[in-house]
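Have a look at the structure below before the remarks.
Per-chain residue numbering starts at 1, and chain names A, B, C and D are given in the order in which the chains are listed.
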Amino acid sequence: MEIGSGYAVQMRGITKKFGSFCALDHIDVDIKKGTIHAMLGENGAGKSTLMNVLYGLYQSDEGEIYLEGQKVNMKNPNVAIAHGIGMVHQHFMLVDNFTVTQNIILGNEITSGAGVINMKKAREEIIKTIEKYGLSVDPDAKIEDISVGMQQRVEILKALYRGANLLILDEPTAVLTPQEIEDLIKIMNNLIKDGKTIIIITHKLKEIKESADVCTIIRRGKYIDTVDVKKVKEEELATMMVGHAVNLVVDKTEATPKDVVFEIDNLTVLDERKIPAVKNLSLKIRKGEIVGIAGIDGNGQKELVEAITNLTKVAGGTIKINGVEVQNTSPKNTIDNKIATIHEDRQRRGLVLNYTVAHNMVIEKFKEEPFSKKGFLNEKEIVEHSKQMIKEYDIRPDNCELQPVRGLSGGNQQKVIIAREVANDPDLLIAVQPTRGLDVGAIEYVHKTLIRERDKGKAVLLISFELDEVMNVSDTIAVIYDGKIVKSFKQGTVDENTIGLLMAGGKDDAKNS
Amino acid sequence: MQKIANILKKQITSTIIAIIFGFIVAAIILAATGYSPADAFTAMFEGIFSRPKYISNVIIKSTPIILTGLSVAFAFKTGLFNMGAEGQYIMSSVFATIVGIKLDLPPVLQIPMVILAGVFAGAVYGAVVGYLKARFGIHEVITSIMLNWVALYFSNFIVSLKTFHQPNSTATFTVNESSFTTILHKWKVSPEGIAWLKEHPTIMDVLLKTDVNIGIIVAIIMVIVISILLNRTTKGYELKAVGFNKDAAEFAGINVKKNILHSMIIAGAIAGLAGALSVTGVQPHRISTMAAFENYGFNGLSVALIAANSPIGCLFAGLLFAGLLYGGQSIQSTIGAPSEVINIMIGTIVFFVALTRIVPVLADKLAKRGEKHAH
Amino acid sequence: MLTKLFLLIGITLMYSTPLIFGGLGGVISERSGVINIGIEGMMTIGAFVGACVGYYTENPWLGLLAAGAAGGLIALLHAVASITFKADQTISGIAINLLGSGVSLFLCRLFFEGATMSKPVPHKLPKIFGSHVSNNLLKNINVDVTVVLALVCAILLWFVLYKTKWGLRIRSVGEHPAAADTLGINVTLTRYVCVILSGVFAGVGGASMTLAIISNFTPTAISGQGFIALAAVIFGKWSPHGVYGACILFGFAQALTVLLGGGNFVVPSEILSMLPYILTIVILILFVGKSSAPKADGVPYEKGSR
Amino acid sequence: SSKKSTGDSDKTKTEATEAPASDDTASKSDFVVSMITDTGGVNDQSFNQSAWEGLQELNKSTGAKVSYIESKQETDYTTNLDKCVDDGSNLVWGIGFSMADALKTAASTNPDVSYAIVDNSYGDQTPSNVTGVMFRAQEPSFIVGYIAGKTTTTGKVGFVGGISSDLIDQFEYGYKAGVDYAANELGKKITVDAQYAESFSDAAKGKAIANKMFSDGCDIVFHAAGGVGVGVIEAAKEANKFAIGVDRDQAYLAPKNVLTSALKLVGTAVKLVSEKAAKGEQIGGQTFTFGLTEDAVGIPDKNPNMDPAVYEAAMKVQQSIKDGTIVPPSNKDTYKEFGKTLSK
């Protein structure tokens, strides 16, 4: 296609190398004005990199960028911003202890001379935009106090505030509930009506079908194809993305639950600000059963996990495993009582990034034989053990046992944790957001592992913000809202919308369960 | 490319680069101020190597800073910044002196008692910092800085006390000879000792003219002990885990607070060992009123940093540092260049150590690219 | 009685002034994400250059300016190391301290016939009520202009950090450099400016010692103030007002030891001298407790790193 | 200046290495004297500096080779003392009693080198190759105290000490006695405020203490506090009151506000003793005590801020100290004794 002013963006032969690793390899893309254009690809396919190039964060090694037919040298984000490009990053770029307003105006402040910020005026401006596009955001709230969904709307506001005509959304829906996703799609349509253009990156085929007009697929840094979304099926998209056919539905046998091993009885937990985040929550999990907790981030999941793992004290209620109360003891005690946890924050809670894979594998067991004797570590045993794990869980690269875990890719870091926790042979396996940021392949693997453990007769507690995940993997789906389990269903007895509604605090109109 | 990368990756490489730069800058400064760098460095190296006893002196002077360096390095490895080594050193020398004066047992008992007193004092002083951090989350750097001064005044207070104060001086009495860890300290000044030594001038030079003492051996042992503790034991595993990522450590069932406390106790004890060994090992075997810090702790800081916090590294960094300090005096006394040049040189070296820390990182990236290329 | 009170105030202000400048230096640097434990060294340089220029130009104000410039210059070293070379900021800071005293003494010997103590400056920085005050009360609080300057600087820095766009940007760079970067804020430049400014503050702080409190440079003019300032930064939770308070508190404790001392006061003067340091710790325990640094403090910024 | 003289010491090394260290027929020119500073360093504006100046004069007058080594830490003493011997010194000076033990040991291991130490006496155990040099600092302190007493208009004077120690006591009690003596003469009461900074470096604290004293009505403050004293003199300058300097004539720090200084001319003593040694006289095995009689202590001849009459009187007092009719006390006890002698 020749360069023309009908296009918001045209990229030609974009190539980007990190060292000798080619993240983008001669990519051509054309994005029509006023369309919603999806970018699809696996983890590490190069989507974010491509967008970072378009936004001027990275400089491409080869290739040109044309905006409305004009060649532009994107040497830094300022140029992009000046040309009306706005980007909402995959990992939010918000300063936690700033207010919404401060975050939005940052770098583009409204000043009343002498560089003094005119907060009043800025606030008015922002409120105008908020109303115009129907984004619900409290301009005075601190980022650390608001939900992920709202944080994302703040990111969008940031772009709009800078007068963006082309909006790049990098995996915007990863953390949203169905309702929030619908709202987002509404917002996107409002923006299109307003003559703006949108590029949306996502792994979720369903959303592409729902929202996008056209979709470009990238694989391993190479351009594969651009298709009219109306004309393709999800399966075709998936195949194009991965390069071979993938199984989108989790296949598992009917659960055969046995007696209760884990029991939470009207548990109350306070958050940092000493307000109850978990309120009289009760929950039972039986052997050979996966209980999935569906809910929007910030409804007490964090506190629930911290309470079970003894990272915080509980204000009331009991947590029993095999009949033993474990609340208000110590993380050590939790582990000793055969509760294993795959924490959502793998890098902060799950791993010591500077330790080798081998050492990370034994972080809960280094004091036990054979890994140590009389206070001295037995490196040989430790390495042997991790070699075995690496093989068993197909962690890549396969000779990484003596490498610092920092060097591993996100998905492989996740595998290290899963291997370690499962190897603890727990009675209860807690998995929090176990597939966050992983690609279809890796996700499939994680789900299989959880189910395998269930079939071994273990109790599994799955906590995820990805509704599909909960719906597909769990045998029992419990919806958490405002620190309470509002309702739970057997798998297959309920549809997404009902759950979504409950997650958003809506009343369940008795038609299901 | 991999080869180069691997060589560059070696910590030692960048440190050596740094030292070379340090000398170059010092040379420039000397030249710029009308002194011949050649003469200066000759003087310095002669001052360090030209006689056995000079070497012996360098070793003796390196002992305390190797240990304080080790203390700082250890704390760093466990995620703590032990600025308090200075104070721990002082406290230790104070209590070693007190016990050394008040107690007079046979050496086999006396020496351990005196040294333990010092080590204990240092450990306790470190523990205060550790406790305040673990219990109240108070930054160890503040408490360390404050406690260093408290130690200084406390030491001066002890000196001023009648029971310890040696009249017409600003010092305490010297500790009882039974506490000396100087090698053959009695024999070498006895007539027969002198007589024998006269026969063997070199040995005489070293033994008689310098306070040869067991310190360095203890220091080496400690270096080994600490590297084993850090790298081979479960305790070391815990301490480092807490240092690298206390959230993960906590989540894995490791008691973070306890480990912070333990880490500071150990660090304090090591610095304490340095203080005690100085009192027992070298003249004047006592403490005296301090108008300012003697910088054993702060030099330890530089030593640890030059050593990139490796215990073994501290051994060599300590020797280097002592060499510079001691040999530096020759620059001063021989060609008259102000001794500040040495401080500038040391500063420059440390500065370039900081700069060259980037080298391994770059090398790492280099290597990574290589790998990526591979598969 | 009132005289005593005024005396107490006067001494407190005098004592805390160099600390305040040093502390403000620490704040601006660490707010932008660069740890600066080289304040002591920067203050020493400032102390010398201030006295030296003040002596030769016979103009204390020039001395003060020169001191700031010198502080900024040596801070530039720290900036290059920790920002451009992404070096370990602690090591670099220690190096600055070693260099600071070394270079000052070295230069002093060059400029003052081999002496490490400079000659007194002919004119010092003025006092707020001028030099001829008869009233005994006023005398006691007739503090140096630097005291006022310190207060002004603290307020100014507070205003800049919290009320202006530059402040917003500095803080964002110290908290989340990547976010700032995506909004087109030049992280590197911002940090350079802040680190250099921290040197300027520290330098002026050093000069406030040798051009106001005393009138010449001595090897011991700066002995520990930089580290107390560093402690004050943490104590004051990385905020200008907090640091100002912390330094005043410390100065007050010193003033107290002076007023309590002498005469036939029961406590031995060595013990009394510990008061300021112990008091600081006690107050930390009782009222301040945990303080957390800017999120990106000490973390070199790498584009696109994760 | 140090640069020149060290140029000499440079030559020293080369020559000395040729000439054997123990050279009885030491002719003036190749007599080698070196000194070791205490941790204050050679430019401490105090004993070390004064001693070094003494040696430089020695170098001018006799051509003897002189050099110094600075000590950074107490543990440097031994090694520095040793270095001097290697550099071929015939006479090695230790500046400050903190070196006493180290110096004694060095002397025993180098019987053919002469040693001398400032501010220390080994009494009857003085080795034959060691010379002690003491000062009666209480004498100049007494005189400046007397001057202060005569000059004060408020009947209140002050004393600021560095870190409390027996040596500083000499200054404090000598001074107090001098003040009492003047008070007794004038038949009025003069009080002395004494306070210690517990530091030799914290100028701000010195200034603070002096400020306090001035605000309490003192109009003259004497300091024996090294770097702290810089602050004291500064305070006097600002309050336009008087300070009294110590060790050397400190008038240059505040020409209008330094009343006088209690001189302790270590340099003179070092020079005198070194000259004896250079002449080949036997100086070892004894302790020289320097006071007014040896002109090694005293007050400056020029005291522009002092009332000539007071100066006259002070000179009389100085005389009677020389005669021994007045024996200034050097510590708390002797001060009490002295007090008794006054009252009648």
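Basically, a residue touches a chain if its C-beta (ideal position, glycine included) is under 8 Å from a C-beta of that chain, and two chains touch if they have at least 3 such contacts.
For reference, the UniProt names are A = ABC transporter ATP-binding protein; B, C = ABC transporter permease.
What you are looking at is a predicted structure, and each value in this text was computed from that prediction instead of being measured.
Engineer: Comparing B-C against C-D, which pair counts more contacting C-beta pairs?
Structural biologist: Result: the pair with more contacts is B-C.
Engineer: On a C-alpha centroid basis, what's the spacing between chain C (ABC transporter permease) and chain D, in Å?
Structural biologist: 35
Engineer: Rounded to a whole Å, what is the gap between the Cα centroids of chain B (ABC transporter permease) and chain C (ABC transporter permease)?
Structural biologist: Centre-to-centre distance between chain B (ABC transporter permease) and chain C (ABC transporter permease): 29 Å.
Engineer: Measure off the straight-line distance from the CA centroid of chain A to the CA centroid of chain C (ABC transporter permease), and report it in whole Å.
Structural biologist: 45
Engineer: Suppose each chain is reduced to the average of its Cα coordinates; what separation in Å results between chain A and chain D?
Structural biologist: The mean C-alpha positions of chain A and chain D differ by 76 Å.
Engineer: Identify all positions of chain C (ABC transporter permease) at which a residue touches two or more other chains, and write them in rising order.
Structural biologist: Expected reply: 109, 114, 220, 223, 270, 273.
Engineer: Counting only residues that touch at least 2 other chains, which ones in chain B (ABC transporter permease) make the list?
Structural biologist: Within chain B (ABC transporter permease), the residues that touch at least two other chains are 153, 156, 160, 292, 338.
Engineer: Give me the residues of chain D that touch two or more other chains.
Structural biologist: 2-3, 164, 198-201
Engineer: What's the complete list of touching chain pairs for this entry?
Structural biologist: A-B, A-C, B-C, B-D, C-D
Engineer: Show me the residue ranges of chain C (ABC transporter permease) that touch chain B (ABC transporter permease) in the complex, using the header's touch definition.
Structural biologist: Checking each residue of chain C (ABC transporter permease) against chain B (ABC transporter permease) gives 37, 77, 81-82, 85-92, 94-103, 105-106, 109-110, 114, 220, 223-224, 227-228, 230-231, 234-235, 268, 270-271, 273-274, 277-278, 280-281, 284-285, 288-291.
Engineer: Please name which positions on chain D make contact with chain B (ABC transporter permease) in the complex.
Structural biologist: 2-3, 5-7, 9-10, 13, 34, 39-40, 67-70, 72-80, 82-83, 86-87, 97-98, 100-102, 105, 108-109, 120-121, 162-167, 198-201, 226
Engineer: Taking the touch rule as given, give the residues of chain A at its contact with chain C (ABC transporter permease) in the complex, in rising order.
Structural biologist: Residues of chain A touching chain C (ABC transporter permease): 52, 55, 57-58, 76-78, 81, 87, 89, 91, 93-98, 102-103, 105-109, 111, 114-117, 158.
Engineer: Spell out the residues on chain B (ABC transporter permease) that touch chain C (ABC transporter permease) in their complex, using ranges where they run on.
Structural biologist: 29, 33, 81, 83, 132, 136-139, 141-143, 145-147, 149-150, 153-154, 156-157, 160, 292, 301-302, 305, 338, 340-344, 346-348, 350-351, 353-355, 357-358, 361
Engineer: Using the touch rule from the top, collect the residues of chain A that touch chain B (ABC transporter permease) in their complex.
Structural biologist: Listed in rising order, the residues of chain A that touch chain B (ABC transporter permease) are 18-21, 309, 311, 330-336, 341, 343, 348-355, 359, 363-364, 366-367, 372, 375-377, 397, 407.
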